[in-house]
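In the part that follows, the structures are each spelled out as structure tokens.
Look at the two complexes coming up: chain A is in both, with chain B in one and chain C in the other.
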Partner chain A sequence: MSSHTDHHSRTGVVVIGGGSTGCGIARDLAMRGISVTLVERGNLTHGTTGRMHGLLHSGGRYAVADQESAKECIQETRVLDRIASHCVEMTGGLFAKLPADEEEYFQEKLQGCRDCNIPAEVLSGEEARELEPHLSPEVEKAIWVPDGAIDPFRLCVANAADADRHGGRIETHAPVTDLVVEDDAVVGVKVRHESGPGKRVHGKEGETEEIRADYVVNATGAWAGHVGEMAGLDIEVRPSKGVMTIMNVRQVDTVVNRCKPKGDADIVVPHETTCILGTTDEEVDDPDDYPEEQWEVDLMIDELSQLVPMLEDARTIRSYWGVRPLYEPPDTGTTDPTDISRQFFLLDHDERDDLGGMTSIVGGKFTTYRLMAEKISDHVCEQLGVSTRCETAEEALPGSEDFSVLRDYMDEFGLRSPIGKRSVQRLGSKADEVLKTGEPNPVICTCEAVTRAELRDAIGGSGTDLNAVRLRTRASMGNCQGGFCCHRMASELYPTHDESVVRESLDELYQERWKGQRHALWGEQLSQAMLNHALHATTMNRDRDPAKGSSAVEYADFDAGPGPAVDADGSTRATADGGVPDGGVSNESVTDESVSSGDGGDDAAGGTRGDQ
Partner chain B sequence: MGTTLQEGRVAISDDVLVIGGGLAGMTSALAAAEQGARVRLLSYKKSTLRNASGLIDLLGYTPNGDLVSDPFDAIATLPEGHPYERVGTEAIRAGFDLFDEAVGETYLGHHTDRNALVPTYGGTVKPTARYPVTTAAGLASDPRDTLLIGFEALSAFDAPLVADHLRAAGVPFDVRGVTVEFPKRFRADATAMRFARALDRDEPADEGPSNTRAALVESVKAHLDGAERVGFPALLGDDYPEEIRGTIETALGVDVFEVPMGPPSLPGLRLEDRLDGALDERGVRLTTGNPAVGFDADGGRVTTVYTDRNGRHVPFEAEQVVLASGGLVGKGVKSNREGVSEPIFDCHVPHPENRYEWFYDDAFDDHPFARFGVHVDRDLRPLDEGDEPEFENLRAAGSVLGGYDLAAEKSGSGVSISTGYAAGRAAGESA
Partner chain C sequence: MSKPESESEPTPDEYGTAQSESEFESDPVEAFDDAIDMDLRSGADDCYKCSTCDTSCPVAEVDDEFPGPKFQGPEQWRLKRGDDHDIDPSITDCSNCMRCDNACPSSVPLSQMHNTARGEYVEGLAPSLWNAEDAIADGEYREALSYLGDIPAELSIEFVRNRVLSNYGTMAGLGSKFPRLTNFVMSNRITKEVNDRLLGITGERDFPEFADQTFREWWRERGGPKVESADKRVAYFHGDYSNYNTPEVAKAMVRVYERFGYEIRVPTQRCSGTPMFANGMLRDARRAAEVNVTNLGDFIDRGYDVIASCTSCSMALRQEYPELFDFEETEKVSVHTYEALEYLRIHEDLEGELRDVKDVEFPDLAYHAPCHARNQGISTQAVELLSEAEGFEIEDVGDSCSGISGTYGWKTEKYDKSMQIGEDMFEHMRDAEGDTGLTECPTCAMQMGHGTGYEIRHPLEVLEAALVN
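Entry: the complex of A and B
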């Protein structure tokens, strides 16, 4: 604990955690007129939210074992379809039955859906394959439910942006270093700004800040125990890891679930241009440090290719792991994490531990993030004596309005259809503002069709943190995993940021992209990795960059050209081997004028983007 | 020339069959033809050098990562099994002589053993042994003041940023970069190819009476301000690079150079054209478009190689076969979750069993996968698990070879040329 604090500030409520729940709470409280500050140790979605499979649950998955959760899911799916249409794709979902799966369970699932008011329809194998041609011929029948796909990155950013719009403060890259406790109550938090306050900027020296608040909400999910420890609290989260594997194309357009009681590797979620296979469920001790294992990735492909055979030979792009914030009340004694309820719990530490001023929210799942946020905001308002009503289920999130005229946008911005369509989808109602630029707007990331204007808009929101830019735009998340576009993305930071900052940001993004690919390094993806390696190391020489090297390059030791020679075009060139030019410029058409002005070389004459 | 296939019935027969149309395969075919052999080159893809920068690296860094000024000094220190150790210095020199002859005046660097440092589009400099004449005026050891030109619509080359980066790399000259608008606007995802085509055809500019070339010169002129040479991203023409560069040099009154770019790479494609011409001159027969998929062997010798043409196997017979099918990128080396293999002859490719031992956690670490490939004897014959030649008359060349990291060493083209030469010469002599 450091005794020195650089800054002091005051707010109504501090929300710790910039995942879906934290962002949802910040939005909810801000809309109720409460001054709120959200602090997040990484970028938004840094924890579990950025590492989920993008399924918007109809509730079908929980319709047998956990009907409370199932009912909440169908209710919230309908809400999100309304308030966040730019983040949601209502794909529909199938629970497909293979011969090995029990008929009894199929019937229970169907009944469970009906009990929970989840629309469900039985399809024959033929009907299911008509809907999804790549479904295995072995599939006997299926239950159709209104599952969907959701983009957690866009959703979090939209919530945070709305909180900001209502006067909230969103502070990323600001890990909480301590809870401030006075007279048996939490009265604030101490944070360390890893890269200066506000948007992240590489290279700024870190400072500390004490944020005093009337109330603190611990919305750190799987990390809730770590935050609790700072005040001597014992919060029994049971973090459970799960793997997700991203395929290079969208093999299915519908969410495909295996219709069996529980198990690993039983779902395929179409997501933008890819499919995500999931998942495993293994309890871990530390949500920041757990093994990412080969068998988990193999299992995804082996198991799910039984449902969709073409997955066996399809190209995987990368695999990633997320940690569920599972919680069970003390003394429940469940040993298998798949048996732990997906319901959420409000732990008011005043009632529970005699420590006032703070509540933790644990358990739950992404689909019901808004409902969780509503419940805890109600609770906070009660503590603060505020009686404003929650409006998050009615008010659309920013970006989701006026989103019906894609064709006009495409024409207006001169974008080719896939580019225009996807840019406008990502940007929602902001498209006009972002894309309406008189300047050339080249595609920077070809795989995901992200244009310069969109990247610059994201940089405006995220600073030099290119991983955050990536999450906002999906740039560098396609087939090439950034090999062809990381450096282009980094260039967009220039000249606002200087060359060394651009280089550092690029290195960080490239490393991050590499990290995820490692679990998919075979076949096409290994070939791609070698191509990226060759491009960045061979063609650009980024691995041996002399600008980074400790020893200076002795340029005079290298070939400076063959000396006066006849060029292909017949003109003469002149540079002497050994680094001495033969009288500067000897091209026959050189004029006195250009030679005589040769000493004015470094004042960036008129460069449209020249620096300094 | 060309191919008249009598599919499935009578096999096409040659002295030497080279599999692979990249730098190693083309060099092999030239070397074999030089021995008087009747040579056929099988190439699956039409264009294989579009990913290559066009620079011909020999050895830029030692295995320890030290920058190499004279590659021939450093080659002596390479470990046993490295392709250069396998072929020896004499074959490397002879291979480069063959290359120099084939590319003629389009490449420079043969006047010295020393490496040149060429500016990259990433803003670094990199050591290379031969460089396209279009890049020659840009060498980093040449101290002339430099202006770099980038285009708003070509995001891969940010000229002011590259200039700053070069300055950070300590280059011995003043360097500035400016971004201008290309005289024509293209669709949002246009590549360097589109820019080059506009210059090749000298298409009318979007505004004003000028065509692209003249309008480009005008937009650069205003920024010249004493610069003694001007660099562009490598897009100055696909068909007429000399003419375009000459026009711009004359109009600006200073030397002009290109900075090699990533795929699709014009210097790579131009090199391919040039080598295609050399193959044609030497009477090498070319068969393109179908992958080699299998073979027959008899008494430890490969007798026939089959390509797959729409599901039908087409046989090619030869006395000697050179495998130059590429590495992981070109699919001469393949992998799946279970392991790594050479798909045509199933030659042994040593690799760790656990695929989590194929890489390290740092992006630019010394990755084992970068060294995947067949191991060979000193006659370049792939070795089986017991270190015996897989086949008496099969040699391997280029990135299908293992035991070197072309990206870290900057040795890719040099290994392709020297092993291609050695394999082709040996095959031609034996045929």
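Entry: the complex of A and C
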């Protein structure tokens, strides 16, 4: 570790981790008037938050085994429906009973919901199928509960934006390289501002910064142990991986759970335009390095087809894995990760390890992120002697202030109704500000109905990080997985950013899109992937990238039109668009030089590239 | 062909006048849950976004405001959440030519998506109108007025116009009672102007003339079939147009089929539904389809196959019914239905019969394949058949859409686009050697005649002239 530090700064509280908890804490503290800096190693939601199934728990899932968690869930679901309405879709949920599932458990579930004040209603098989026609005819009955779906990206961005509005500082792509410890207390963190595609607009690229703080909160979830180690602390998180498989369309509009004790592959969550199948629960050693295996995906489809038979032949567009930040106090000795409580724990390292100035928050779950943030913010305020009350349960998040999706999309925004509706659902109360630009507003991502105006707004928030832009807007998250829009998204960065930055940002996004598709390469998605590849190979030369060649691309050659391009030394060369150069230079005599250099003689590819 | 099960007495309703009852009469449709409540989101699984459908769409080619079949179909469906009902109004700009179905390399059910979306759109737009109509049917006029009160005039006029166009059979049924008077009134300049201004039915086109005698009247007068057969039996679906306007096509079919020894029956029937699908009038289409499926189904059970002389009618029975409705016998009717020329080519040696025929009545032909023939795989049948025959010269005028697409080209606001779409075909016809136009589709024929002034014939008429004395 280099001892040299480029910059020094000071803040009240440093929050490490830009997931739901970290963003929630940053907002909470900022609203209480405390100066707060959030640092995140990737983009917001980079860790577990961005890799969950999007379920807003009514608490029904925990109503038998973990009633404490269940009660928190129903309480927080109601809060989020109020303060984060533009991130939430109240779909309702079903616990469906198949003949193989125990009647006794069904009754326990029903009683558990009632014990926890979770509204629950028993539906007959017919009633359940009336609500969800694709439910298996085998389903005997079901319990309806107020489950919902939530977009974790939008939620984190809204929390971060509100923290920012209250004077907080949000630093993404800024991994913590060390904790600064003085006199048995953590007094700050060292971060490195990462450079590279999609990152260079943040912070001061490639430089290090020491941020001194009155208090540090470690909200890194599954990575809490890694951060703890930097100060010699032993934090026993037990990361547990789970797979999620995304379907191309919504087979159901209600969350469908299998009514049996917690197990693998027992839930289908309608999420935006898709359904997400989940999940598994398997302990891993390293949250950054664990196997992603096809059998896990197959298990999702096989098991959940029993509940919704059409899943068996339906198209999946990708799969991803997330790591739960499970924790249990030392000496509890649970062996099966599914049995570990979903409760959260505040580890005050002063009390626990005699190291002041820092508390870690571990365990817990997404639905209760706000409550967790409130608890730890209370704790931090106590340490700092601040007595301001928490207001995060009452104040709506930016985007969720009063708004209605019932608008005349064509009259107001010039958008076709399904496009206008999706845009307004995503943007919430920001819709007018973002969409009414007075400029032409074409749809850039047609799968997810994302327009140029919405993309530009997201670029305003995320800079050249197109993956962050993707998460804010859902652009490139539909059935073509970016095959038809990655490059259109990237071209929105130009000319504000140079060609090389745009190209690298595009590559980064395109790569990321491939990553999840690797686990969906059969049937329709395989055809899609091959078409995407062929299109990108033939029009952007992706099968042989000229930009990675030894010499720079001569853009002037492509843009000079039918006349000859003039080199720096004054000599003329052939044009790439087939125009015959004048000035006495014959076409044949220069073909070798201009066409076969660099890109394998593929004239057509070169010409198109010049149009980028 | 299947074997007859019993002797072939006509069913009691065979001679019934199909359109004697008003089509606006409200049949009780209890469970209207098939087409409009259909969830076609999973159809979007087949779409790779390749846009081949968009490039084959004749409307998108001339109408920059039209977002195209990919948006109207898989994209719009995929963006739907459970109880969303906001269908974009641009769905009404689709002409339902169904070329996208044929173009899609991945079997996305495009026209099914378009038809259901259009039905949902019309249903959502005009619930008050439908309610008013139901109230009128029940004799609740005061209630009907209260429904009508809250509809903008513009909307209700468009609805009425589309309703009138898509229920052509009803209008034709009335008009053909006094064919000469109706023809006089409809060709009157003032009538045209009133239609154009008040209803939005273009005055640029000449309203099709009603025949002095409908096909069904002729058939009844003739005493039904002249040929009886135990194994060659067809039930004829004539549709409204060849009944009221071009009975010569229907008669040609009868004479040609009887020459080959077929026993023909003419079941009671209503409009195939094609214009209703194109205008989102799925309630009307369902009522008509139910009558057709029930009656045709009875004939199929007795060993008949169904033939249609109009390619859009056979298309409706074969593809649209099973895609949109769930009657007991829909599938059966679908698999037993053929286009009339297609059926003869399957079962008879037409090439052989025509080979040595000389001195035919229509020797030089310019053929246009209707879009709906394309989807049935029969867009080349007329050219294949007649180009082998010595007496004929036949030329295909190209694979463009004629542009009229049934009712589309009759709408004032669509007329210019319709003619723009047809321009390729007009030009190719003018360049073709033939001086007689040939097509299976009655509205394509209208457009061909309107755009070029040529005389247009149906392949059955050509066959009749060549093979029947």
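Here is the rule we go by: the second predicted complex is superposed on the first by the 536 of 612 C-alpha atoms of A that agree within 3 Å, B and C clash if a C-alpha of one lies under 4 Å from a C-alpha of the other, contacts with A are read in each partner's own complex, and residues count from 1 in each chain.
One rule holds in what follows: contacts are C-beta pairs under 8 Å (C-beta built on N, C-alpha and C of every residue); 3 or more make two chains touch, one makes a residue touch a chain.
Just so you know, these numbers come straight off a predicted model, no measurement behind them.
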item: Partner chain in contact with A:T446 - chain B first, chain C second, else both or neither; value: both
item: First, second, both or neither for A:Q251, with chain B first and chain C second; value: second
item: Which of chain B and chain C A:A314 touches, first, second, both or neither; value: second
item: Which of chain B and chain C A:D543 touches, first, second, both or neither; value: first
item: First (chain B), second (chain C), both or neither touched by A:R503; value: first
item: Touched partner set for A:S527, first chain B, second chain C, both or neither; value: both
item: Contacts of A:P133 with chain B and chain C, given as first, second, both or neither; value: second
item: Per-residue touch tally on chain A - higher for chain B or for chain C; value: B
item: First (chain B), second (chain C), both or neither touched by A:E351; value: neither
item: Contacts of A:N479 with chain B and chain C, given as first, second, both or neither; value: second
item: Chain C-contacting residues of chain A that also contact chain B; value: 416, 419, 446, 449, 484, 527, 531
item: Parts of chain C lying in touch with chain A, wherever the complex brings them together; value: 39, 41-42, 44-50, 67, 70-71, 75-84, 86-90, 106
item: Residue ranges of chain A in contact with chain B within the complex; value: 294, 298, 301, 414-416, 419, 439-444, 446, 449, 451-452, 484, 487-488, 491-492, 494-495, 498-500, 502-503, 510-511, 513-515, 518, 521-523, 526-527, 529-531, 533-547, 552-563, 565, 567-571, 573, 575, 577, 579-581, 584-585, 587, 589-591, 594, 597-611
item: Complex contact set, residues of chain B against chain A; value: 51, 53, 57, 60-61, 65, 67, 69, 105-106, 108-109, 111-112, 114-117, 120-127, 133-134, 136-137, 139-145, 152-156, 158-161, 164-165, 167-172, 174, 176-181, 185, 187-190, 222-229, 241-243, 245-246, 249-250, 253-255, 260-263, 327-329, 331, 334-337, 354-356, 358-359, 361-364, 367, 369-370, 406-408, 410, 412
item: Residues of chain A defined as touching chain C within the complex; value: 89, 91, 133-134, 248-251, 253-254, 270, 273, 310, 314-315, 410, 416-419, 421-422, 446-449, 478-480, 483-484, 524, 527-528, 531
